[in-house]
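Note that the chains are named A, B, C and D in the order they appear, and that numbering of residues resets to 1 at the start of each chain.
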Amino acid sequence: MRVIRACHELGIRAVAVYSDVDRGALHVRLADEAYPIGPAAPRESYLAIGKLVEVARRARCDAVHPGYGFLSENADFADAVRGAGLVFVGPPGEVQRRLGDKTQARRLARDAGVPIADGTLAPLRDLAEARSESKRIGYPVMLKAAAGGGGKGMRAVASAAELDAAWRLSSGEAAGAFGSEALFVEKLIEHARHVEMQILADGSLGDAALRIARAAGYVSAGTVEFLVDERGGFSFLEVNTRLQVEHPVTELVTGLDLVALQLRIAAGEPLPFAQSDVRRRGAAIEMRVTAEDARRGFVPATGRIAVLREPAGPGVRVDSGLFDGLVVTSDYDPLLMKVIAHGVDRTEALARARRAVRETIVAGLPTSLAFHAHVLDEPDFVAGRYDTAYVAMHWPPRAPVELDDSQITAAALVAVLAARGRATRRLVASPDGAWSRAGREEALR
Amino acid sequence: MRVIRACHELGIRAVAVYSDVDRGALHVRLADEAYPIGPAAPRESYLAIGKLVEVARRARCDAVHPGYGFLSENADFADAVRGAGLVFVGPPGEVQRRLGDKTQARRLARDAGVPIADGTLAPLRDLAEARSESKRIGYPVMLKAAAGGGGKGMRAVASAAELDAAWRLSSGEAAGAFGSEALFVEKLIEHARHVEMQILADGSLGDAALRIARAAGYVSAGTVEFLVDERGGFSFLEVNTRLQVEHPVTELVTGLDLVALQLRIAAGEPLPFAQSDVRRRGAAIEMRVTAEDARRGFVPATGRIAVLREPAGPGVRVDSGLFDGLVVTSDYDPLLMKVIAHGVDRTEALARARRAVRETIVAGLPTSLAFHAHVLDEPDFVAGRYDTAYVAMHWPPRAPVELDDSQITAAALVAVLAARGRATRRLVASPDGAWSRAGREEALR
Amino acid sequence: MIYEVSVGGRRLQVDVAADGRFLIDGAVVAAEIAEIARGRQWSVRIGGRSHEVTVLTHDPLRLLVDGREAEASALDERAAASARGASAARGGRHELRAPMPGLLKAVHVTEGDVVERGAPIMTLEAMKMENELLAPARSRVVRLAVSAGTKVEGGAVLAVLEESE
Amino acid sequence: MIYEVSVGGRRLQVDVAADGRFLIDGAVVAAEIAEIARGRQWSVRIGGRSHEVTVLTHDPLRLLVDGREAEASALDERAAASARGASAARGGRHELRAPMPGLLKAVHVTEGDVVERGAPIMTLEAMKMENELLAPARSRVVRLAVSAGTKVEGGAVLAVLEESE
């Protein structure tokens, strides 16, 4: 959707692909052309490089934008696209390889003089090496997929006792998600903040990010991630060689359109501004509303959108593929909608984020919205006190949501109305005529 | 809605009122409190000053925001609110009176050294005076309601022959809408541009606007309107003593929240910035999507929203009260939704506006959307060539919308599907069993 | 079933075969259709091209095709035949219909009056604007269907006029 | 009909009288209710306060009240009585249920196995994350309800375990 929008704004024809379950998706309907590429399983559709390149060739595309999921950080895909005589919208395969292998990226950062966390600089050979290296570094450690990203194949390991299970699960996930089960280990930095510099940044972290980008011969948009510890020291984490899910935050604060710029760079145009021209304006906060049940440890949820109200109004941007009646399956990433609030300062951005979440309704399946509502009012977050341990510390909330007497009464009445409505429907569906009648009468009383 | 959003962002309790037909409206559902004030007819509800003040008192409000319709420019309402010990969010009654009588405002502008169009400086006594004054000024002239605004009670008169009918209709409308049938006449400036300066503006027109605001002792947000002729000369038109419908354009370009500022001013706070602090960033375009049939001379339309998709994504803001199933009646103003596009320059804003309109769907009643789509692609508008005669010159379009063969085919298939679906439904509704069956079979064939 | 279809001024013949295939002007169309909103919105793919078509209004039929509005009509053979028959004019008689829904503020004539071309017959108020409805020709007022103060739907017959010499 | 209702931890008794009025804990409530989305969303006014209540999910019942999520339940007298009866435990037997919908990647045990507390029973893949389902206590695998490669719904019974000494 985000890419189709940028294409249409630039007058570029947009061609989409879809798996069988996505036939009615918004991106299929809004694209100029759309081609089916197979069943729901990603390996047979969205991860099938051959099929994708074939569609691009058949549809006579000039360029391929990989989005920010699936193959967006896959160097082989970038190479295949280029091999077919098409432009890949993103950094070339060799740059992705240099940064996509997390251990190689760590070496590159170290050589560029950027701090990295203690750990291995090459993939681990086996569990035995993982055990000895973890012991050397000292627990707690992070076990990570060398080819990974986005939290998959990654686990915090508090002690040697947990290492076996973590190794088994992470290597399995890594193999499934990235086609390589290679893992490495690094020191876990507790109470750190996770900071992402969209490669357009300024400031001291920005210098480090630019140094890494230059060292890697970087082209197009990307993100350099750091951890900042409690004393303000930072260490390099990884580079995402793709558009970041959080790119709207950068767009609102800088006024730039990152996807349009990616497309212009891919078309061979130089950037129309220098680093010193980038001006920040205000603050922005992004909420990633997901199909995850926030009240049950964020387990993935499925269902059909029954009532939908996306927020709008001043300072609120929504990037969403939702529509009334959409069936959310467990086939893909649980991201439903991004709500981004912008204001002249963090206080106004927070107020607008709160207002936007209050307006938002996604009924039909459990979502993460209760979590967003809670965090936006939570004193530590409001005061700017948060780190990577924040969620574990503050969620689930100790007390249930505060409703006043009038709200409790309204909710109780609706609970009864909903129960009666359901009863009717169930009874009417029954084959026994008498029961069906009785049920209806009772519900209408 | 706009005001409720600002209240919620500032942590202010929002109290709404509604007429019988608006019980399910969004503003009623999102407000903290809501009170019924009578039947659909505005005179018995939204224009009933007594009822409104009584509700405000009963609900223990601190202040009353009049929105930008109905009583938003009514000095008596402002006085009544103040008389009840409440704060009126807007300029005081005496300022409104000074500017609300258009002939008095013209005198004020002239005295402040701002150019005005040739015409009368006091309301006309009768048709005979209108005839003689129009002759003196020279046709074409504009006949306007002295108490008016928003295009009501206003008519262009090309020649003496048209004056009688125009006088009759305008004075009738003026009496109905403003409670006073007083009219005045001024020279019609052809091929002029209509320019509105939200009172926050800079530049030379801005100086004139600020001069008028100071002369009137202005408080709160408002708009000074000018006409700019083909040679760049300008003349004062009128002052709207309220938040302008187009205020989001100013908000996007300046980054300010005008409604929040109105509320702060009403609370006695000074403006947190000076005129010289206001920085413009990029360009914005507002589309007012109305329940008017663009293809039939913008006649008002009614109906039930059957499919709704509001646009979203980068650089697009939506202010809307629409929801699926809403019944749009002819009781009130036809404004359905405002779509505002923002970009780094007019070109990007236009591209985003086009993209946003292409995404927008309002099915169930005729709207103005075809007009917006046409104008955004029309060469004169794109080149910045437009004036008050623009719509008459460019609408309706000479050629029907261009669809390619593939689109024609798709549309033809849907036309058939829609016709078959309708046929089924109609026949099934018939009491005659045989016909009903036959109809269904035919439609399913 | 064969339909005579018009879209944005273009005329086509659409044949819905018993097996569900579509023929347009006799040729099979390789279209793949998904209904998105029941009876209102479809996604149509034709050789890779993706079209989103929404029924904006039924009467007249207006479609939104990839964000562009187009007028359309679809009549089955029987309906098309009877429509052709009915188009014979009834000459000299005018039905004055409400161009929009609104409140009839005033009626300026009574039955039997003969009025000049352009004379105001009624005033209709809609969304706070007053609209005068004028006689299309010198004519006699045969019938007044509504009186002042009535709310009327768009398209409702308000009066019947007959051209007079 | 009387309902036992719980909202956000608060318990109330709601009586829907024959004339359509509501009594809460015996007192009449002056509530005015408008249904916005059929069976899903209501606007409720109580003494001027305006509340928008949406049914987010039915099972469990979660309501969105003015933008805040709250767990709720409403049982009529009969259902409430039978629910109280059913809460007697069945001790020692565990049903292993899918905590979320997904694909069962692997089953690590066979029927009859005795496994230690914390032993992995199955691996469930959902949204590209693998989740091991562990034995809650030392127990015997009484029944395996599904085999590897199966897609399962959230809440589906995957296996039955019985605590063993």
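We take it that a residue touches a chain if its C-beta (ideal position, glycine included) is under 8 Å from a C-beta of that chain, and two chains touch if they have at least 3 such contacts.
Everything numeric here is computed off the predicted structure, so don't read it as measured data.
Student: Compute the shortest path length in steps from chain B to chain C over the network of touching chains.
Tutor: 1
Student: Could you compare the number of C-beta pairs in contact for A-D with that for B-D and name the larger?
Tutor: Ranking A-D and B-D by C-beta contacts puts A-D first.
Student: Could you give the separation in Å between the centres of chain C and chain D, each centre being the mean of its C-alpha atoms?
Tutor: 52
Student: Taking each chain's centre as the mean of its CA atoms, how far is chain A from chain D in angstrom?
Tutor: 28
Student: Taking each chain's centre as the mean of its CA atoms, how far is chain A from chain B in angstrom?
Tutor: Those two chain centres are 39 Å apart.
Student: Could you state the distance in Å from the CA-based centre of chain B to that of chain D?
Tutor: 48
Student: Return the residues of chain A touching two or more other chains; collapse runs of consecutive numbers into ranges.
Tutor: 30, 323-324, 358-359
Student: Would you pick out the residues of chain C that each touch at least 2 other chains?
Tutor: 37, 49, 66
Student: Testing understanding: with touching defined as stated, what is the shape of the graph linking the protein chains, line, ring, star, complete or other?
Tutor: The chain contacts form none of line, ring, star or complete graph.
Student: Pairwise, which chains touch?
Tutor: A-B, A-C, A-D, B-C, B-D
Student: In the complex, go through chain A and note every residue touching chain C.
Tutor: 15-16, 23-24, 28-35, 58-59, 323-325
Student: In their complex, what parts of chain A are in touch with chain D?
Tutor: Checking each residue of chain A against chain D gives 152, 165, 169, 172-173, 176-177, 293, 295-296, 299-303, 306-307, 330, 332-334, 357-367, 369-370, 373, 400-403, 406-423, 442, 445.
Student: In their shared complex, at which residues does chain A touch chain B?
Tutor: Listed in rising order, the residues of chain A that touch chain B are 1-2, 5-6, 8-11, 30, 248, 251, 255-257, 259, 281-282, 309-310, 312-320, 323-324, 344, 348, 351-352, 354-355, 358-359.
Student: Mind pulling up the chain C residues that touch chain B in the complex?
Tutor: Per the stated touch rule, the residues are 1, 3, 5, 7-10, 12, 14, 16, 18, 22, 24, 29, 31, 33, 37, 39-42, 44, 46-47, 49, 51, 53-58, 61-76, 99-102, 105, 120, 123, 125-130, 132, 154.
Student: What part of chain C is in contact with chain A in the complex they form?
Tutor: Of all residues in chain C, those touching chain A are 34, 36-37, 43, 45, 48-50, 52, 66.
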